[in-house]
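Structures incoming, each one as structure tokens.
What follows is chain A paired twice: with chain B in the first complex and chain C in the second.
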Partner chain A sequence: MRQYITTADKILMVVSACLIVASYVFANVVAVQGSVVVIQVDGVTVHKALLSETHRITVKGVHGELIVETRELKVAITQADCPNHICVKTGWRSRSGEVIVCVPNKALVRIIAADQKGVRATTG
Partner chain B sequence: MHPTDNRSMSVIFLLFSLPAFLLFFSCEKDPGTPIVRQGTAMNTYVGVSIYDAGTDRGIANAWIDSAFAEIKRVEGMATDYSDTSQVGRINALAGLDSVQASPELIALVRLGLHYGKMSNGAFDIAIKPLVKVWDFLGATPHVPSKAEIQAKLPLIDDHLVSIAGDKVYLPRRGMGIDLGAYGKGYAIDRAVQLLRRAGYKELIVDIGGKLGIYWEGTRMLDSTAADVSIRHPRRSGEYLGSFRMGTGAVSTSGDYERFFIENGIRYHHLLDPATGFPMRGIVSVTLVTPEATWADALSTIVFLLGREKGMELIKKSPGVDGMIVYESADTLALDFTPGFRRRFVMAGSHD
Partner chain C sequence: MLSTTREVTTVALLTAVGIALFVIESFIPAPLPFLKIGFANISSVVAMMVLGAPQMFIVVVLRVLVGSMLVGSLLTPGFLLALCGGIASAITMALARSVRKDLFSPVGISLIGSFTHVLVQLLLVLLLYVQNTAALFLLPLLLLSGFIGGVVVGVISSRLLPLLQSTRLYS
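Entry: the complex of A and B
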């Protein structure tokens, strides 16, 4: 059967496979790497950073200081001057639209995708 | 086989692969730039997003303000973390006096009592004394002594909650009600209704990962309007999988929302009213229902009922689909309703 597959057929198959891989890479890597982390305190944006970069950002909340870290395409509040540290326990977030909140500090850490296509939400 | 047949095969292969490529760029109808606002209420984050094309941003923002105000109104009425809310006053005067409550709050308390009956006591709105002892929202939550828990158990009984006319009375000092298991869902339903009445046709209200979705002309899992990801219960920043849905609500109750670990054991906030300790057996429950109040309450009830009874209740509840996640031999296992199994895509198994 092998001898019946022409060069054109092979090119067609390779091109098709490349299209699938390219679309996967775009949807899962490129779009995520362009995401921006926006930090707000009491409704005011106080800092922006690329999710793809490594940052350790000190933020002044209304109750005390917070440390927001970005690395490996994820963001987390890793330290906070707040009574219950629920924000720190929230852990890392990586998807656009996701939010980490420190209620006592009125601080919001939000991921905004460069590619805003689609309607996305997260549960759990 | 003739070469022409192989060429046909290649063309067929291309025809099948092209849609996969186009999927990422075109199948998700681009809703344009949504109007999104996020804030805090009910001890968690709140997100309201309106996707209607061509919406006047100023007017939409004013309606979103109203939606936030409505959520905060519900919180102000039903929170048990304030002595001035209606629930706070009912709890503060337990064993002393009855408290006048609004018809709305009375209806919410009655709803909680109905949930208690429906679950044969696995769910109990009179759980507040135990919640106080465990203090999951406190600075240093720890495992209370058995004596402390035993002392509270006689107070955990929703049969004692008395409603007479517009008054609610808790007969024993130290009793308390906690509507937290469905308060967020109720606030979501109120906010969604408000925005629908304002004429918006494509929107999501998110309170701490509990979602109310309204997408005109769509229904629950029959639609692909929104892509909902489910957080991984054990791996921070990762996702268990996702599913698509239209108008409806989603709630997840899990042992990873409010918890602490002491001596290597996870203690979470979903307490068994019978023992006073966190309920064991389930890691998380994710449900899709027509309304958020029901999604919120039912995900908690199913968690408290355990795997078998919980799945039984899901299956006999009309219009409800979902899954139960549990630990099995150091790994996570999933129980699905047939409808949810068809829609759920495990992380890493698609695209």
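Entry: the complex of A and C
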């Protein structure tokens, strides 16, 4: 009773390899589609936008003005009125749970998964 | 289920081997707790091939119980995941074998078990611990580690089984 790889094994391997690729695509493209960008200043939510849309949002921070941009499923603080520009240097973020912070402005840009409780996307 | 002395001893032997593999593998550092090969599963695959599905269930449950006692994870969240994952993968492996004996080789069977293990654990994590789809980002990584683990365990098991044939493990 020597064991060999059977046809069913091969089919299973091919199917599971496809499944891995599909789940990778799903996790990195599809799941991000519905993500919401939440902008908070001093703990108060001032803006919400869909990550999948293109926006250029001007936010008034504690220290000065910030410009938050979303495009191609990514978000970044592109301009900021603050001394060190750490928030701008953070660059483009795309995954839910990621946060961009501007401490002098007390501003927070957060990406939230689409179906998280209590989040409604208001765009525009 | 365990009708003969030979069956009792074989189950005990395979359980002991499974526990040893489980404990030794827990020494290997892993970046994430679930990224491991799952060498202990060799003992369940062999148990099913040599004895049958009911005996494999005994091996799996005993191995998880005693193994986590030795590692010190008994009754922790990780233990619950290991137990549920182990039982679920035992069920699917038994089903895969019950369709037709020569449909899947040990490689296919252990792949099925490994995928079930990974998916059930992720599902439980999503249901019980993190109600956030962010955990889904782990899915490709988990499936890949399940694939590698399943193939490694399957290949080892299918090499092992012909060797065991010449021993008195088979009645």
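The working rule: the second predicted complex is superposed on the first by the 88 of 124 C-alpha atoms of A that agree within 3 Å, B and C clash if a C-alpha of one lies under 4 Å from a C-alpha of the other, contacts with A are read in each partner's own complex, and residues count from 1 in each chain.
To be clear about the criterion, a contact is a pair of C-beta atoms (placed from the backbone, for glycine too) under 8 Å apart; a residue touches a chain by one contact, two chains touch by 3 or more.
All values reported here derive from a predicted model rather than from experimental measurement.
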| item | value |
| --- | --- |
| First, second, both or neither for A:Lys74, with chain B first and chain C second | first |
| Touching partner for A:Ile86 - first (chain B), second (chain C), both, neither | first |
| Contacts of A:Arg110 with chain B and chain C, given as first, second, both or neither | first |
| Dominant toucher of chain A (residue count), chain B or chain C | B |
| Partner chain(s) touched by A:Ser96 [first = chain B, second = chain C, both, neither] | second |
| Set of chain A residues, in rising order, touched by both chain B and chain C | 1, 4-6, 8-9, 12-13, 16-17, 19-20, 23-24, 26-28, 95, 97, 116-117 |
| Residues on chain A engaged by chain C in the complex (per definition of touch) | 1-6, 8-9, 12-13, 16-17, 19-20, 23-24, 26-28, 31, 95-97, 113-117 |
| Chain C to chain A touching residues, read off their complex | 102-108, 111-112, 115, 131-134, 136-137, 139-140, 143-144, 147, 151, 158-159, 161-162, 165 |
| Chain B partner contacts - residues on chain A that touch it in the complex | 1, 4-6, 8-9, 12-13, 15-17, 19-20, 22-24, 26-28, 40, 43, 74, 76, 83-86, 89, 91-95, 97, 99-101, 103, 106, 108, 110, 116-124 |
| Complex contact set, residues of chain B against chain A | 1-3, 5-7, 9-11, 13-14, 17-18, 20-21, 23-25, 28, 30-31, 33-34, 36, 38-40, 43-45, 47, 51, 137-139, 202, 204, 206, 209-211, 213, 225-231, 233, 236-240, 250-252, 254, 256, 258-259, 284, 286, 351 |
